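Consider the two complexes below, in which subunit A is the common component and subunit B and subunit C are the respective partners.
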Partner chain A sequence: MTQFYTRMGDGKRVLMTREQMINDLQAGMADAADMGGVPDLSSNELEMILEIITDRNRVVGVEPGNEVVLTYDIGQLDFTGDNGNSGNGVDVGRLESALLHERALAADTFELAHADYSIKPVKPIISNEMQTMEQIQQQITVPYFYGAMPNAGLYYAPDGPYGNPADLMREFKIEEAMAAAELTADHLARDIEYVATRMMSAGADGFNFDTTASAGDADFVGTLKGAGALRKACPDAYIMIGMAGESVMGIHGSIEYDGSIVAGTYPHQQVKFAQKAGANVFGPVVNTNTSKSLAWNLARAVTFVKECVNVSDIPCHVNMGMGVGGIPMCETAPLDALTRCNKAMVEIAKVDGI
Partner chain B sequence: MEDNKKALYDAMVSCKVPSIQGAVENARKAGLAATAIIDTMSEAMTQVGILFERGKLFLPHVLSAAAGMKNAMGVLGPELIESGGMSAKMASVVMGTVEGDVHDIGKSICSTMLQCAGFDVHDLGRDVPKAEFVRKVKEGCTMCGMSALMTTTMTVQKEVIEMLKAEGLRDKVVVMVGGAPVTQAYADKIGADIFGETASETTGKAKMAA
Partner chain C sequence: MAVPHYMTSGMGGIRSAGDLVARMQFSKNMKIEKAKEYVAKKLGISTLEIADEHIMRELREELKIGVVTGVPGAPRGIAAKMNIEKLLGIKINSCEIFRQKTKG
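And then the complex of A and B:
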């Protein structure tokens, strides 16, 4: 029986038959449909994913005319960082990195980022960031944003002023834990407004909220409120909201945005909140299961993202990198898996950008 | 009467302490027996555990439901003793996170779910000295649950089992182990009777063993 080289979710190369892949495609799709309450893919769509995965070429791509916009998170840190997550350990300045992305790497948008890449630590150095934004805007042509993670974890003890819900819940202080999360959401929203409006005044074309809800539901609500304040203050700002994971963790559990609980929501529900907050682009995330095959993970990711794109009134630029979007979780994403996942997201989930 | 049970069940799954309290009061006013109230709440608590594992409910919800159940036990306790309902405990269980390890949310959820399932739970908390587990077994606990969240502390579970053997108590107690680094293979290797990956799985296995 013919076997095809493919990957597991941790990047390991394995051999699988078409039948094994079909079983995994159906199981991955069923898992997404069950967890998120989203429709199954059609048999044609599953067949298309199978064709993409079993393509004999190492690298695959979309057909001419189907190219999509490429946007980037994390700014220059994808060059300079060297901490085992996203970087290559190449020391390069922020201006040089921005121009390299624009002129050599085909980036359609780019962003300025700070080494800490979080809202809170930008506050004391806001003047430096504004100056750098103004200088780089003199030379760059593509839309150039400011980017940072909302990172509400920095507002909880021991890093911030509010009690840590994890510690409080351990002592069964549930109401105190919830109150701390609510105060954090409001504080985060104020800080976002402070940082984002100043960066806009320095010439930024917009703001990218990256890894939203990494600290749970209060993080998400704080970001949505902050984005709403930015939209009100700067009606022309281009706002991108990208998620940290496929589901919003309920650290508070019941905190609401615009009358709806955000905990436990999946991409097709999260995008509605982003729209209400005034976002121009939403970045859905689907996590990769390292114990499952590429077929399982990709079918699952496409099932979630396709529904998100279907219900969204704004463009969706899906997060595609290590450990998300069906791509294996390893430091350098394997090109065979990376290109297959991207092609499937464009041609089947119909995303507007990557 | 069935409406009251359903309202009680729904209140538990809604995970709001005041709603649970109100539903318990309504059930009592309607004449529902204390044992029936607790049975309904235990059933609902199992559902809360399932929804938690599926990512539909979160830790604050589980803790709120547990707090509601704990309050109800406080109110219904005397009535349960009077009716003999309290004597129907499945088994006496000592629970704790082993010494050197301060993580206890998972263990606390497990203790709560065991309590809701009708076990007499003695939760010793976190960073529990090995000798304390042995002491509680000597005092009559027939089940011993140990949690460890670190690879450096999971070995303490084995040491407690060895101490139980040395004291001649091993055959008198069902040993349960759990925690992030613990696996079925490890539980088998150290001679534990039950491995629970989640609180509800542990509770289910404990019910079978009791």
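And then the complex of A and C:
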């Protein structure tokens, strides 16, 4: 029986038959449809994914005319960062990095980032960041954002002023845990407004809220409120809200945005909150299961994202990095797997960007 | 990540018209097809051609909207973005701030 080289969710290369892949495609799709309450893919769409995965070429690509826009997270840290961000450890300046992305790496957009890539640590050095933004905007042509993770975890003890909900819940102090999460959401929103409006006054095209809701539902609500404040203060700002995971963790459990509970929501529901907050682009995330095959993970990711794109009134740029969007969870994402996931997201889920 | 994603499906930034399509997505919430159609119409070419480096390299220099290779005298950065504003009929924040600073 013919076998094809493919990958597991941890990146390991394995051999699978066409029949095994079909079974995994159906199981991955069913998992997403069941968890998210979203429609199945059609048999034709599953066949298209199978065709992409079993392509004998090392690298695949979309048909001419199907190209999409690329946006980025972590800015120059992909050069300067360590392996935690799959960074290269090359100590290049932020101006040089931005121009290299524009002129050597074919970037459609790019962003400026703080080394810690979080809202909170930007505050004490806001003037430094504003000066750098002003200078790079003189030289760069592509849309150039400021990017940071909302990262509400930095507002909880021992790093921040509020009690840590995880510790408080262990002590059965449920109400205190919820109150700490609510205070954090409001504090985060204030900090986002402070940082984002100043970066706009320095000439930023907009703001990229990356890895939103990494600290759960209060992180999401704080980000939405902060993005809403930015939209009000700067009506023309380019706002992108990208998520941390496929489902919002209920650390608080019942915190609401615009009258709706955000905990437990999936991409096709999250995008509606992002729209209400004033985002121009939403970045859905679907996490990779390292124990499952590429076929399973990709079918699952495409099922979630296709519905998100379907219901969205704004463009969707799906997150396609290490361990998301069907791509294996490893530092150096294999080229064969990455290009297959990219093509499937563009041509089947019909994303507007990556 | 940047290179394989570009090679699979990226528009190519200022190698072609990727930055222009991105600006329409972000400034007007246009989905990809609508944004490409808008940009193609403004450039007077087809939606297939806006991602064609061979066509866009010359067109970008002619329109003074920034080219990917080093051409002395060809506008880049804020000068190119001011021309992009006129081409696409949008306002760009860094250009607005530049104008405010240079007002007499």
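Just so it is clear, the second predicted complex is superposed on the first by the 352 of 354 C-alpha atoms of A that agree within 3 Å, B and C clash if a C-alpha of one lies under 4 Å from a C-alpha of the other, contacts with A are read in each partner's own complex, and residues count from 1 in each chain.
Criterion: a residue touches a chain if its C-beta (ideal position, glycine included) is under 8 Å from a C-beta of that chain, and two chains touch if they have at least 3 such contacts.
Since we're looking at a predicted model, the values are computed, not measured.
By the touch criterion stated above, A:H252 is placed in contact with subunit B alone, subunit C being left untouched. By the touch criterion defined above, A:T71 reaches subunit C but does not reach subunit B.
By the touch criterion defined above, A:D236 lies against subunit C but remains apart from subunit B after alignment on the C-alpha atoms of chain A. Of the two partner chains placed by superposition, only subunit C is touched by A:A333; subunit B is not.
By the touch criterion stated above, A:R170 is placed in contact with subunit B alone, subunit C being left untouched. Residue contacts after overlaying the shared chain place A:M35 against subunit B, while subunit C stays out of touching range.
Touched residues of subunit A were counted for both subunit B and subunit C, and C has more of them.
Common to the subunit B and subunit C contact sets on subunit A is no residue at all. Residue ranges of subunit B in contact with subunit A, taken from their complex: 15, 54-61, 63-64, 67, 104-105, 108. The part of subunit A that touches subunit C in the complex is made up of residues 59-62, 64-72, 78, 86, 101-103, 105-109, 137-144, 200-206, 234, 236-238, 240, 280-281, 313-315, 320-321, 333, 335, 338-339, 342-343, 346, 351-354. Those residues of subunit A that touch subunit B in the shared complex are 35, 165-166, 169-170, 172, 174, 177-178, 247, 249-254, 263-264.
Those residues of subunit C lying in contact with subunit A across their complex are 1-15, 18-19, 21-23, 25-27, 29-32, 35, 47-48, 51, 65-66, 68-69, 76-78, 80-81, 84, 91-94, 97-98.
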